[in-house]
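Only one structure is covered here, and it is reproduced in the block below.
By letter and in written order, the chains are A, B, C, D, E and F; residue numbering begins at 1 in each of them.
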């Protein structure tokens, strides 16, 4: 189902049949000592493969560069602006519509991209209203995560290289995890961080926002599978309403 | 040497030691019946791996979306604008500089990106003059290609899904080539095509711009290795002059 | 403390003394039958007056036009784009810095502006790093609101013309509330609404996202005063660190 | 007739009946020792109220930030760029059209905004040609002003904090004028000022461009009432031609 | 003194000596039956030659495309946007500064360009503050024109293909004037034209805004020479203050 | 056939009859000691006159400012950005279409403009698809030039102030050539120049990229006449297909 491995002659009918394209979107970003810089890319790509299988959709080549303002000063992070991200993803969406796709799923593995993706979706809503656009960042996992987690969350919104994200990796891409280097990095996040620009080096030196040592494959599986159910349902509902 | 598989703790010193980052840039684009849509991405990525090895450089995650104006109406092509491409790649370059890189190589597998890449390089020349930026599209292969090729070129500049590019694929990514479907597609290209916007559907229905059946792994190897030599030399010279 | 009522001769020293400027930002947007279109403007302005008093800050003339994409098709809503909003607010921030201000508080009464304000704050962080920029949307009220509210929230993030916002109005601007028209409007919000562009007319005809009839001045006072404490503390801490 | 005090349920029919919306546009700008920074906002708002009454139009919340390049270095001035101003006002105009308005009056109290407003009107002429857009800066007052004024004008175009503008304030917002501080500030304006960028601090320290001590409420009333007549006539003519 | 006829070897010292560059800016625009479309270009170029002589300045190749919104629907008019005009002229100004020029004179023959030129001058004031930038549109001619003219002006600001502009042509470029076709075209201009976008085809079919039959070479000479004096004085003063 | 010398009354029918407009585009750029800065403008303009004659087309006023990034630091060069160039030329093209033209020929005398012109042509292809747009830079001369030239080319693409371009000038504008100053300037161009931004001052001090002393009027005539034939044929074919 990898779109880029299709050839131009046969792909036309498949597009008409599948109608849905999944774009894995991540980032290159510091994820502590135990996870690779490409963690968000790996998660998005693996998740996309699973979602594609369950919904008979195409997976596009991953988009591996994201907006990592908060962590841009950590070694290895590559930051792109919201503005550039928005333009490029909107171009991709519009082109997919021209190709015959009617459902465009931006499967996001990096929270910092959320603002850009929502803006892209709204742009496409105006430009090509017949294209149904979704932006997913582990949807439907709030309650199950609360049940599964052992340590409390360092922040109400951010999840980064912690118990939860590390568990995702253990389930989806454990060959890239080195649990011997996992640490408990939960920092004190000042209240101001929610109301003023706050580079994360002001609050953590490891970029680990929680207790990564508590991560397990099982936790990852439980949450990810729930999210996959939610996403599958939404995509299939969209497909059946075309 | 895959940058995104490094972790943030160890990568800092490696950046200081390597100094050079290679970004494979391709496109999703119709390449006839025998080659996949992601041909340019596959070529750029494989070439980047080889160049990285010879020059001790990092390979960044591939950038898989390119400007494919001419072929955008062919099934499977995904087109993005020069403008969006330029902004995003310039952001990546600037961020690499902030991370300590001093050489940024855009290894391009798709001719349609050439204009954008040159503009990016000039932008970065102003913004971060200490970053040496290269844009490569099979450099140094003009003469060797003329020697190696059996069929004459369909066009003085364009090379697409033909004897040459198919040979590249046979050398670098033959698992994705289906030579049983290769055709001789050399079209008559009207002289106007060089002087007025001309979507390729006006001159070819296959997107094969030459005789792909003449492709061999050996031809590919001969040209690609020459190009690798040229690129290696340039990158190593740049490194030694830092 | 209204900045625009000062004269140019005397204002110079006052800026040096106060150092902080509060910009009330709202929107013109449908708020059901019992609340005026300018609800968010009224709330932001009244709140700004109170915060200014407690922190010895200037209140700037309100910025009354916001991004109301979701409700833009409801009668009376006036929508402006994030892009335009960002540029204009960034200009204001930069000009305030030139005038000698060192703290710029965007006091936001409309959730739809949140994305733009965060982007503005980051822009100013680059352009005029010595200016401390805050964006507030009822900060510190999550827990107290959960305690105070009688009806459960229609949505985890959105609060609109409901028990809570109507209570705010009853505390801060009750002369503009007509409780005889208040309704219980809590709609069923489809799960898709969080993942795809969803104009609110698809889920509500009243734009009331909760049970407005439960609103009381006391509820409003309890939550607003808590938020004022949090904001005052942050602003005073920022002032003392100049 | 204040638009933002209407509620969404009732406003729909009123828009259909009124058809015209007036946006008061001013600036925060130094106006000497006797007038407040918000003079242009106060004038535009009061004038808008009067025009609305005579033409049965809605008054929108004021837009209080203008392009004050010439005076931006005076204490208290807040400057925004033409570019930002244009985008935002064009968004407002387009949204008003979507809401059913067919006449959009930008009632301008600050000359520095004139260029932006004219550009906005032309943009809207293309985007929403059925919307009639007016930009007014005291129209129809040239002759009557020449008759009324005692001191000669400091400049053929600029009118700032002088006999005339102070008279406007005495008529429309005298509670904010302190005539005991009024001065005769008429500077020598170098001929170059009309042909090269000339910040006003190069020619005046008070920002008073004339003899403010000669201002009277009667002068203000005479000119303002004339202008109101002219504007009313134009708006009513436009309404009757819908 | 034509800059483009210099060669690169000798021009360097001349730039250092002259310091001033004059850019004639006009438009291609309908000018009635008796004047050519390029009237504004011809006037700007001839005027530039005279000014260059009197001030020892270089004349740059003319910029022949202007903003002709009002007349864009007349046969032969070529319209460009303010936005494009501003960017391009600002680029030219910045490049002139890099080349060593310290005075940049935009000699404008078309009123519609005035807004763009002023914006360009302000941009350059920020970007290259050491470059003195002037924008001239027949400066210093108000009084002398009032004395010289026989017919009253059709409009307080616009002067187009009328007694005055035709006189300019008779003085500066009479080989392109056909007085046998000159007409008295003074239209009734509705008062709304100053306050709402008004394409000129709504008020004139000839584009002649006055009585062109009254034009004489003498009138042209009188006004033009006065303007040349004013401009020369300003430029020479600027040169002596470098 | 000079468009700007037409008057508005008569031009309408002529546009309908001719249908084609030629815009000469050049640059102000260092061309060594023997050629003027405006060489590209002179060549484009003279060539345009000849092409217009053979194809019954209008010649527009020349556009004399180009993108001269490589030579921008040489005395006398004036550089404008691709971005500004693209916007302005696209505006001109769109306006020509509104005027009734159906063929727009950008006759380019400066290679550095080629990228911008191609982008303009593609933009217009979207905006006004019925306008046929051509960009010509000495088309059809590759083979004849190889035959005619005595010295080998300094670079496979660049041709600048050398045997060839000087020959063009001797044929088209010899009154501006000073052959006594012509030099043999062929520099060693480093291989990197094709792959990284390389200002020409790094490889030549004269800006002469070849042996200008070998230039003759005959060589120029031979090549230019061939190019004129090619262009005429293309334009006439386009005309006959309208």
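Methods note: contacts are C-beta pairs under 8 Å (C-beta built on N, C-alpha and C of every residue); 3 or more make two chains touch, one makes a residue touch a chain.
Note that this is a predicted model, so its numbers are computed, not measured.
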Intersection of the contact lists for subunit A and subunit E: none
Repeat of interface A-C, chosen from C-D, E-F or D-E - more than half of residue-number contact pairs shared: D-E
Which of A-B and B-F has more C-beta pairs touching across its chains: A-B
Gap in Å, rounded to a whole number, between the CA centres of subunit E and subunit B: 49
Inter-centroid spacing, subunit F versus subunit B (mean Cα positions, whole Å): 30
Multi-chain contact sites of subunit F, meaning residues that touch two or more partners: none
Sequence of chains encountered when the ring is traversed from subunit C in the direction of subunit D: C, D, E, F, B, A
Contacting residues of subunit E [partner subunit D, same complex]: 69, 82, 115, 118-119, 121-122, 125, 132-136, 139-140, 142, 156, 191-192, 194-197, 230, 234, 237
Residues of subunit E touching subunit F in the complex: 2-12, 15, 28, 30-38, 41-42, 60-65, 72-81, 83-85, 87-88, 90-92, 95-96, 98-99, 176, 178, 181, 207
